[in-house]
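Next, two complexes with chain A in common: one pairs it with chain B, the other with chain C.
Up next, the complex of A and B:
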C-alpha cells in the first residue's frame, strides 16, 4: 500500500504525458521537450544539492562536459551516436569526480563558489583551449540528431525524464536515500552513526553527474549545435536551480513539476516580455512561492490532493 | 586486559593539541564516566574513540586496535555513539532517525528497533513524529536509541543530561542502567553533572585541560576534596 499509491501516481503521470501530444499544438510539444530537458537537469541538481545540501552553482559544467564530448566526437570523428553519447556520460562521470573533490574539505558557500568557478573555467577553456576542436566562441553546429520532428523528440525526452525520475525515486526510497537526507541535516551525526560520508557523497555526486551527462548529451543532439555562451551561462544555471527549488527540493517529483511550470511560464511571458525582463517576473513568482511554501509546488500540490481526498473517517460515515 | 584500553592518547584539531597523553581503561560490563568542566576535552576524547579527530597513541577495543580506522569500521567493531545534544536529523521521523543508526547492522534492525521501543515506549508511540518537534528528553532517547541500533558492545554517550530536567535525567539513568545490565553493553559517558555521573557509574575519571587528573570509584571521588571543591564549591 505504501508503494502502490506513489507508483499509481507515476503511472498516471506517464499516461497523461504520453497522451498529451494528441491534444496540444506542435508548438506546445516543442515547449514540452525543453521542459523535459530542464526536468532532467533539475533532478540532477537536486540529487547533489537538494539531498546532500551541497549547493552546486556549477551544474552547467557537468552538462557541458557530456554535451561537448558527444558533439566533438560526432562532428570531428563521425562517431556513431550509440557510442558518442555513452562516451559523453562517461566523461561527465570523470568531471563529477573533479566536482566531488572540493566536497571532501569544504561545504556551504565555499563549495558553491568553487563549483561556480568550475563552470567559468569550462567557459574559458572551450573558447581558449583548442578552439579548432571545440569551435571556440561560435561553437559547433550541424551536430546529428537522434530523431527528427517534434513528436518523436518529445517521446524520446519524456521517456528519458520518466525513466530517470522513476529510477531516482526508487533509489532515494532506499536506506541510501534516507542517509543522503540525513547528510544534509547533520553530516557529523551521520559519521558518528558509522556511515561513510565520503561514500555517500560520492554516490550522490556520481548519480547526479550521470543524470546531467545523459541530459547534456541528448540535449546537444536535439539542439544540433553547441556554443559556450548558451551552456555555461548564469541564466541557464539559475533556471535549473529555480526549477528544482520552485518545484520542491529533496523530492523527485518537485524538480519535474518546477521544470514544467517554469518552462511554460517563460514561454507564455515571451510575447509580452521578449527580453530578459521575463527573468524578473519569474524570479518574483519564484520568490512569492518560496515565501508562501518553502517546500515548493510539490508541497502545495500534495496539500491540495490531500484536501480533495475524502478522509477515511468521513468516507466511512458517508453512505 | 581492559575492554577499552587507551594509552598515551593525544588528539589534535589542526596543529592544536587538545588531549595530552590520556590513559584510560574501561572494564567489560562496567559503566565508566568522565567528568570535567567545559573545554576539558571530554567530547574530543569520545570523538577520538570514534576516529572522528586526528590522534596519536593507542586505542584498543577488546584487544583490537582502533588506530587509523574509519568511524564506519569502528562502529562495525561495536562502538555506538550518542553525541552531545543528540545531533538528530530534525526533519526526519523518530523511526527514520533510528534506522540511520542501523546502517552498520542492517540484519539486526528489527530486533534492535524492538529493544529501543522496549527501553523507550514513548518513542514507539511517536515513531513518525519529526524529531525537530520533540522535547529535549525525547530527543536524547532517540539519540541513545540510534546508537543502540548499531548493536554496540561499547556505548559512548556525550553529556546525556545536558539541558534536561531532573525527572528526565532520572529516566535516562534508568535506561542506561538497563542497557548495561539487561543488554550487557559496556558504557562510557561524559558528564558535567557530577551527581548524575557518580550515581550511575562505577568508575569515574576527572578530565581537566586535556589530561586525566584523578580516577577512582565513584564513592572515592565524591569524597575527594579537589572534586568537592571544583564541582560542589565546598
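Up next, the complex of A and C:
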C-alpha cells in the first residue's frame, strides 16, 4: 500500500511521457530531450546537495569528466560506445572521489567554493593540457551518436531519466535516505548515533557521480560535440541548481519536474529574449517560486493534488 | 582489580590559551552512576566530547573496558556502547520523534541500510520506555517542550544500545514535573544495570541518582566522593561561590 501509490505515480509518468511524442511537434521533442538531460543532472546534483546538504557548485566537473572521456576515446581511438560510455562513467567515479575529499573536512560555503574551483580548474586544464587530445578551446566535434533522429533520442534519454529516477527513488526511500537527511540536519549527531558519516557521504557522492557520469556521457554523444566553454559554464551550473531547487530538492520527482519546467520556460522565452537576459527572467521566476514554497514545484503540485482529492490526503510517501 | 568501564586518564585539552581540561582523570565502573559537577566552564562538556571522540585531547588517553580508544572515531565508540546526550539538545529537526529514534537504531552499514527492513516494534518500545505516547512519536522536535526534547535525546541515545550513558545537563530547563519524570526514567535504567555519568547543575535532583560525585573546576578534579561529603568540602564551596 505504501509502495503502491508512488509506484502508480511513476507508472503514470512513464506512460504519459512515452505517449507524448505522438502529440507534440518534433521541435518540442527536441526540447524534451534537453529536459531529460537536465533532469538527470539535477537528480545527480540533488543526491549530494539536496540530501546531504553539501552544496556542489562544481557539477559540470563531474559531467565533464565522463563527457570528455567518452568523447576522446571515440574521437581518437574509435572506441565503441558500449565501451567508452562505461569508461566515462568510471572516470567520473574517480573524479567523484576527488570531489569527496574536501567534504571530509569542510562543508557549507567553503565546500561549495572548492567544488567551483574544481570546475574552473577543469575548464582551464582542458584548454591548456594536451589540446591535441582534448581539442583545446574549440573542443571536439564529429563525435559519433548512439541513435539518430529526435524520436529515438527522446526515448533513449527518457528511458535513462526514468530508470535513474526510479532507481534513486528506490535507494533513497530505504533507511539510507533517512540517514542522508539526518546528515544534512546535524552531522555530529549522526556520528553520535553510531553511523559513519564518511561512508554515508561517500555513498552519496559516488551515487551522484555515477548519475552525472551517465548523463554526461550520453549527453556528449547526443550533441556530437564538446566544448569547454559551454560545459564548464556558470549558466549551465545554475540551470542544474535551479532545476533541482525549483522542482523541490531532497525529492526525486522534484528535480525532474524542475528540469522540464525550466527547459520549457527558457525555450519559450527565447523568441522574446534571445540573449542572456533570459537567465534574469528565470532567476526571477525561481525566486518567486522559492519564496512562495521553498520546497518547490513538487510541493506545490502535491498541495494541488491534495486539494483536488481531499479524502486521500497522504503526500508523505510520494516519489 | 578489574578495569573501570570508561576512563579518562591524565587528559588535557586546550582551546588556544585556555586549558579547558587539565590533566583530568575520571572513571566510571560498570553499573555505577557517577555525578560530574562543577561551575560553568569547568570542562564537563569538553570531557564528554573527549570521551565520545568528538574532540581530540592534546594529551592523555581514553579507555573503554581497559582498551585504549583514544583514536577510535565517534561512531565506533557508539558501536562499542558509549553514547551521549547534548547539553543543548540536537534532534534532527525535520524528522519526527519516531524517525529520530530510528536513526539511533540504524546499523552502521550502508549495505544493511539499503537492504534490511527496519526492526519492527523496537522503535516504539523505546518511544514508550521514555514516556512518549503515539501523539508525541509523530511530532517534530520544534513542537516539543524542553523536557520532551531531553527525553528525545535520551531516547535516541538509548536506541544505540549503550552500555554507558553520558548525560549532559539532564535537568536544565525542565519543570519540576518533568524532572521527576526523567529521574524516574533514569532510576529505571540504573536498576537495569546501566552505567552512567550525569552532568547537572541541579544538585538536589542529581543526588538521589548517583553513587559517587566528581567535582571539576578549571578542568581538573577538586573533590570526589559521596554527595554530602563532597558538598561539605571547602574547596567545592569556594569553587561554586567564586563563580557566583
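Going forward, the second predicted complex is superposed on the first by the 310 of 319 C-alpha atoms of A that agree within 3 Å, B and C clash if a C-alpha of one lies under 4 Å from a C-alpha of the other, contacts with A are read in each partner's own complex, and residues count from 1 in each chain.
Here is the rule we go by: contacts are C-beta pairs under 8 Å (C-beta built on N, C-alpha and C of every residue); 3 or more make two chains touch, one makes a residue touch a chain.
Predicted model only: the values in this text are computed from it and were never measured.
S.K.: Sharing chain A, do chain B and chain C clash or fit in the superposition?
M.R.: Overlaying the two structures gives a clash between chain B and chain C.
S.K.: First (chain B), second (chain C), both or neither: which does A:171 touch?
M.R.: A:171: touches chain C, not chain B.
S.K.: Would you check which partner chain A:281 touches, where first means chain B only, second means chain C only, and both and neither mean what they say?
M.R.: A:281: touches no partner chain.
S.K.: After superposition on the shared chain, which partner residues are touched by A:93: those of chain B (first), chain C (second), both, or neither?
M.R.: neither
S.K.: Between chain B and chain C, pick out the one touching the greater number of residues of chain A.
M.R.: Comparing chain B with chain C, the partner touching more chain A residues is C.
S.K.: Just to be sure I read the superposition right, which of the two partners does A:265 touch: chain B = first, chain C = second, or both, or neither?
M.R.: Touch partners of A:265: none, neither chain B nor chain C.
S.K.: Touch check for A:203: first (chain B), second (chain C), both, or neither?
M.R.: A:203: touches chain C, not chain B.
S.K.: What part of chain A is shared between its chain B contacts and its chain C contacts?
M.R.: Overlap of chain B and chain C footprints on chain A: residues 175, 178-179, 181-182, 185-186, 188-196.
S.K.: Looking at the complex, which residues from chain A come into contact with chain C?
M.R.: My answer: residues 171, 174-176, 178-179, 181-182, 185-186, 188-197, 199-200, 203.
S.K.: Contact residues on chain A for chain B in the complex?
M.R.: Chain A reaches chain B through residues 175, 178-179, 181-182, 185-186, 188-196.
S.K.: Spell out the part of chain B that touches chain A in their complex, as residue ranges.
M.R.: 50, 52, 70-72, 74-76, 81, 83, 87-92, 96-97, 99-104, 106, 146-147, 150
S.K.: For a test of understanding, state which residues of chain C touch chain A in their complex under the given definition.
M.R.: The touching residues are 52, 54, 73-75, 78-79, 83-84, 86, 90-95, 99, 102-104, 106, 108, 110, 113-116, 118, 156, 159-160.
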